[in-house]
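Look for chain A in each of the two complexes below; its partner is chain B in the first and chain C in the second.
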Partner chain A sequence: MKRSFLKETLKYLEVAKVNYLNTSVYTVNLISRSVLVVVRIWAFTQLYQVAFAASRSTEIGGLTVPMVIWILMMTQSFQSSTRPHVSQLIDEEVKSGTLAYMVNRPYSYALFHYFGYLGRTFSSLWVNLAIGSLVSLALVGLIDFNWWGLLFGLGLLIFGVTLNFLIYLIIGLTAFWVEDTSAFTWIYSKGQLVFGGLILPLALFPENLLRIAEILPFSQLFYSAARVVVDFDLSLFWHYALIQIAWLAFFGLIAYQMFQRGIKNVSINGG
Partner chain B sequence: MNKPIIEVKNLRKTFKIKQKNPGFFGGFSSVFKPDYKVVDAVDNISFSVDEGELLAFIGPNGAGKSTTIKILTGILYPTSGFINVLGFNPSKERQKLAYYIGSVFGQKPQLWYHLPPMDTYNLFSRIYEMESKKFRERLKFLTDTFEIEDLLKTPVRKLSLGQRMRCEIVAALLHRPKIIFLDEPTIGLDVIAKKRIRETIKYLNEEERVTIFLTSHDAGDIETLAKRTIVINQGMLIFDDSTEELKKNFIKTKIIELVLEGPTDDFRFPGGKIIEKSKYDLKIELDISRMTIEKLLNYAVENFDIKDINIFDPPMEEIISAIYQKQAN
Partner chain C sequence: MFQLMGADMHQIRRVFSYLGLTLEVTKLSILSAMEYRVSFLTQVVGMIINDLGLVLVWLIFFQKFTSVNGWGFPEMALLFAISTVNHSLLMIFARGAHHLGRFIARGELDYFLSYPKNVLWHACVSKTDISSIGDLIFGLGIFFLFGQPTFEKFIAFLGISIVTALIIFNFNVITQSLTFYFGNFEEAAEQMHHALLGLALYPQTSFYGGLKIVTLTVLPAFFIAAVPVQILQGFNLSLWLTLLVFWLTTSLLAVFVFQKGLRRYESGSLINVHL
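Our next item is the complex of A and B:
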């Protein structure tokens, strides 16, 4: 069968659409995630207002309290939208043998999951961002956004969610060799929490720690995009984009190798 | 003359299953010194299937039938042997082959559970790269044939099992596969739903000339549908002949259940063995090589008021064990 780029593209867009629709069925679930983001933004606002007041400064590491809150609102919204974790789905598919039925279809297993993940992420992302923005606006007011920041931030976000997908894909694929992948997911989520700018923007880190944190993959998932959106700086964008591309290439290669090796070990319950 | 579209020669599949000793130290030691047990799931089987055939591939649990189907569809890699399906080697050309085969695994639904079947059909039309016009025509034809027009917009979770299975089969047929693998398509269905699924399978084979590779534990499925039956047990092929031959040689009994208006105490029919009896209900095992069902029913109608009659085949396991017994002898 002759491959056509248009047909291939439409195929994966349909996968994203079906996942979008499937996630949107659970309206209560979608809104409940946003409620969690709202509660966290409120708590962060109280915390950072007190912290900044105590240090008697209006700006730390180039960020004001409203900038910190908008960054955290975005990182929390981005991260919350990527659930359920792809690793959980793949882990289940490997263990139950469903993976074998999926690789039997005329599509790439990784792309099928990637576009499915994008569909699910987008379905809750816009809800989280809409509600989160309204709450941030009410709590700390509007900050000085720049259209370039939004555009370049979107680019970093696409790289970031792709990087997040690849890492979860790798964790999920370890199910070919280990019995329980949840420990890896736990470690990864804690890495995100500490170095991913989910509770503390990296700009507030001491200089040395900041340099290390910035080159780790955790900060390049969601924080880099949020940071560029609130305070656009082209050189910072390129700095982050290059780190992301390097990690994408690294994790992409590992995922590819793992999949090629793992698929040969597929065994299915029953027979 | 039909040509074979599935060819299998000396197919083997072995699984290496990790063994674990019980207890804490047992689990601990298996980390450092893993112990594996090798299981021959498919053990040197050969057969071929002609274009347009409706073949039953049966065997008890763990016999290797699903493993064989999974190898034929490219899901599993064989350990050794030659396989050719529609000119493709499934383990090397899985994705190319996927455009020409369809599969329904009764226990692995492919419809999206929370969405209406139409969403899955749209997705499949893209996955199999169908042109919009051809997809619409095909869907219209299938929805009319399978009478699922009214179900297209209902979320799958709200469909009955029978309705869901019909929708599953439609999903597998959208891209006009040349071969369809049906693994337990009637599992868990009631009598009416089973009948309907069987009719549609028959229709597919006779009208659309789709080659059907069917596995089932239900002797009724095999009797009604398949002209040829292959029996596999412990990974080995133990019977490959017409279903007529299978019935003649191995299905020698029928179970007849009668529900009477009055008590069953006086029921005495010499040609049958009563295997279950309650006040108004009895089950009789009839050796059909010696006695006809008609004679039993005549006796029952003449002497008793009948409330209900059911006729069952013996369980497939019994037929298999009869074949196996014959092999052993």
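Our next item is the complex of A and C:
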């Protein structure tokens, strides 16, 4: 029992490794993604420096300009690393019928995609974070990091990346019933943009909107991790972790139900 | 003299013939997409909701910070109107420009080379992005809601949208054509496109120093965002001329980079069936 679990784990880790190496080979692509993050950080730095100066404040919502920039660097790096979207891959597999073959292979379809996604994400993530950190350091300097913040932030990031996977999995699985899933992907990515702290950290939201935004899944993808890393607060960590767990359970259940129902269509139509 | 005039007339007729063909090709693509009604509507409505999200971010931003160097929500609304309309025009009529790198890298230009029409034109009009119709509707809607529209302003708005769409088109042709020279450059070109659009969607008055130089050169957001908003806020002949000169310069550069690259192109020996 123990041995078979170990074998299974190694199998999925191998899937992650293959995807990690496959993404790492295309260095031009990796660097070009980081360049995009750099341009954005540069633009955000100038934007927030001007905006904070215009409002004659050095701190808004508990955040200074350097803290805002480090948060945005992290959310942008996290988000940009999760491409290509899993929904796109699943959508293609459902439409082309490849899924019918994949479900008969000796692995779980969802776990296969999950570990592949983790491999791809982490290969771009460290490049984005390394380049993004250097640029943030040069533009706004270092902020007061806390080791606990980094550790707990990493925990929230793993939950957030998993939550992101589940939502894309659900969007991809809608291809069982809907012809084109791209519209759902756009709406989801705009939800991330508005409430995910990719342009405007949630701490800068008006108070009543902040309360709503914090319990939405979008803010729990990447923002919660970045926020805890930049300004560690244990109670904030637990607040975010509980919201994440609730959303993980909710979307996990939906994804499971959708997969079970969708797969019946594959059996009937033969892919 | 008469010979020169004859040559000019021939060129003008050629341009009109290509414009007519572009409209015909796009019309066919849209009609064929409309056959799948649910998918068509999902894409168009999805894009409108997507655009609303972006406006919402800046609406929240300008609740907290009322102004960024004199740039407030009304300026942002004008910027969104221009940006969504010019981008939609590009993606509806010439989405292929966005795929040039892929065509080059995979040897798919062979198909377009076998036709008597201009290769660059044919490759660019070969794809239409249906969801961009949503962008177009959204941009026009925002202009009529927040742009304080008058007849003259609307004409200026359309003119600016077309010229800036052509500038983005040139930018795409230049960056995507770099695949001729550097091989696997599609993703980099795609990221440059996103970087340009990204920079064009921030308050333009916040940029200074090195970043300002970037927006004036490598990623010319200044010409597709800052200048158009200024023109719409008050007619300015010198800004119009700046925009037109920039468009002409980038057009010449785009044709040069593509044509020179095409000579280096090696056939992919692919047999493709285009339906």
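Quick note on the criterion: the second predicted complex is superposed on the first by the 263 of 271 C-alpha atoms of A that agree within 3 Å, B and C clash if a C-alpha of one lies under 4 Å from a C-alpha of the other, contacts with A are read in each partner's own complex, and residues count from 1 in each chain.
One rule holds in what follows: a contact is a pair of C-beta atoms (placed from the backbone, for glycine too) under 8 Å apart; a residue touches a chain by one contact, two chains touch by 3 or more.
Just so it is clear, the model here is predicted, and its values are computed rather than measured.
The superposition on chain A brings chain B alongside chain C with room for both.
In the superposed pair of complexes, A:Val35 makes contact with chain C only, with no contact to chain B.
Once the two complexes are laid over each other on the shared chain, residue contacts for A:Ala110 go to neither chain B nor chain C. For chain A, the partner touching the most residues, choosing from chain B and chain C, is C.
In the superposition on chain A, A:Ala100 makes contact with chain B only, not with chain C.
Contacts of A:Gly191 after superposition: chain C is touched, whereas chain B is not reached.
Contact with chain B, but none with chain C, is seen for A:Lys11 once the two complexes are overlaid on the shared chain.
Look at A:Ile254: by the touch rule set out above, it reaches neither chain B nor chain C.
Contact with chain C, but none with chain B, is seen for A:Leu209 once the two complexes are overlaid on the shared chain. On the chain A superposition, the C-alpha centres give an angle at chain A of 80° between chain B and chain C, rounded to a multiple of 10.
Our summary of the superposed model lists a minimum C-alpha distance of 5 Å between chain B and chain C.
Shared contact residues of chain A, touching chain B in one structure and chain C in the other: 26.
Against chain C, the residues of chain A that register as touching in their complex are 26, 28-29, 31-33, 35-36, 39-40, 42-43, 46-47, 50-52, 54-55, 60, 178-180, 182-184, 186-187, 189-191, 193-194, 199-200, 204-206, 209.
Of all residues in chain B, only 15, 41, 62-67, 70, 73-77, 94-96, 98-99, 103, 105, 107-108, 110, 112, 114-115, 119-120, 122-123, 126-129, 155 touch chain A in the complex they form.
Residues of chain A touching chain B in their complex: 1, 4, 7, 10-11, 13-15, 17-18, 21-22, 25-26, 98, 100-101, 103-107, 264, 266-268, 270-271. Against chain A, in their complex, chain C makes its touches with residues 36, 38-39, 42-43, 45-47, 49-50, 52-54, 56-57, 60-61, 63-69, 131, 182, 184-185, 187-188, 190-192, 194-195, 198-199, 202-203, 205-211, 214, 219.
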